[in-house]
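By letter and in written order, the chains are A, B, C and D; residue numbering begins at 1 in each of them.
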């Protein structure tokens, strides 16, 4: 199954549809059913002590899964998150961007199931694990 | 089991420890093992179409559970979220604040388990359901 | 919204479609979007120490959600569990049946979202909390 | 970090502590933080139509995570499941055993976090994805 959107197309889509956050994310790698995206950590993502906040990690995992799915089905803004589970496992490193490595496990007619691991860039131990399910607009078939 | 922090004490704690977000939340009700808090929806919480973003709903559920636990164990900044599961069920109403109704199901020695429902204020159908687990600092015993 | 199946109809359905487990469960209460069912704990449900096993609690939560949904949409064997999250919070009492109290939070066109609490009968503290999502056959509309 | 229990030691432990289910499972592979175990599918694991039941898949994921953790910390029967999330993605093949591939993501002082994928043996697409968290007895340190 070929990619329907490459990194340039996904960046362009993000800038048009989510201009308020598009500058925070950077797509690093994109393969069939797999995508890596980084969060450029800024002050607004931090918690006291310099660690990245839970909502910021949630946002990164959500963007990773969303772009991963769009790369396979094309620019459908109407794909919506229906379920998310996250385990927060380690404190992210201070002054360090985060990377999410997202994988599609199922791309069905109406549901897509993904999982991802989040890392402080350069560290081998994941800071968080997430699974996200998306409801897909029916016109994608 | 008596409350260790009332609404005023929790507000004060939030302002001191999380000054960057404390203005977004308003504690409405507080009982043993139960707490209600609202998110004052601002532009930064929105997605295209005027709906509240997933990360903003996650942040509200997380704050609700955190304040709920602190009300029972006292001002321990070191309680940390270890697991969160969310079902996003309905699109929040536009131009409407959200309320989270959080309940503590277990307050153990090392783990606290909570669940909450999120509503557009005034609507009877929940927009999301969340369960959050916190690891508690050992000194609380 | 009226019930499409009452307790007798659900029992009959369970016996016909799931004869191998129907005798383990007993429907206690049924209302719009709400259902209570018990697990008659037998040796095969136990773990060493006399506690009910995790898979048995999962099975009870799953049956409770399934029957809860069928009571609202009618006898559709094809409703399938797509996602489940469980927090195991307390050890069930020995020599005590379990009760699940299931609630439907959303009954959509293609997905139903439920949550339930499990108790040792007669105890006020839940032993487990579960959320279950079902994919619904499209003919139910 | 060396293994504290190999496949033979884990099998022996399972037979002594969980005699009622030990015959259903077969350990296939064991590495640092990784373990594969199969479920020998029997009639009691099936649902109408010949598919493996949800509770049986839950049981397999739970055993895989438990053995994976014991291989790293030694024979501690008191490790208990505190949280589990499962996505059921595809119908298992009929007349086919299942294999779970479990990975430890975090082995902390008091919590272990794992994830696993379940497959019909010989099939490349997972039937389910699970994340399981265990509370560890404090003496393991």
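Simple rule for what comes next: a residue touches a chain if its C-beta (ideal position, glycine included) is under 8 Å from a C-beta of that chain, and two chains touch if they have at least 3 such contacts.
Remember, predicted model here, so these are calculated numbers, not experimental data.
Graph distance from subunit A to subunit C, where chains that touch are one step apart, equals 1. Rounded to whole angstrom units, the spacing between the C-alpha centres of subunit B and subunit D is 34. The distance from the centre of subunit C to the centre of subunit D, each centre being the mean of the chain's C-alpha atoms, comes to 24 Å. Rounded to a whole number, the gap between the C-alpha centres of subunit A and subunit D is 28 angstrom.
Shared interface positions of subunit C, i.e. residues touching 2 or more other chains, are given as 82-83, 85, 87, 89, 133. If the chains shown are joined wherever they touch, the resulting network links each chain directly to all the rest. Of all residues in subunit A, those touching subunit D in their complex are 85, 87, 89-90, 105-106, 108, 113, 115, 117, 125-126, 129, 131, 133. Per the touch definition, subunit C reaches subunit A in the complex via residues 82-83, 85, 110-111, 133, 135. Listing the residues of subunit D that touch subunit C in their complex gives 17-18, 20, 44, 47-48, 53-56, 58-59, 62, 77, 80-89.
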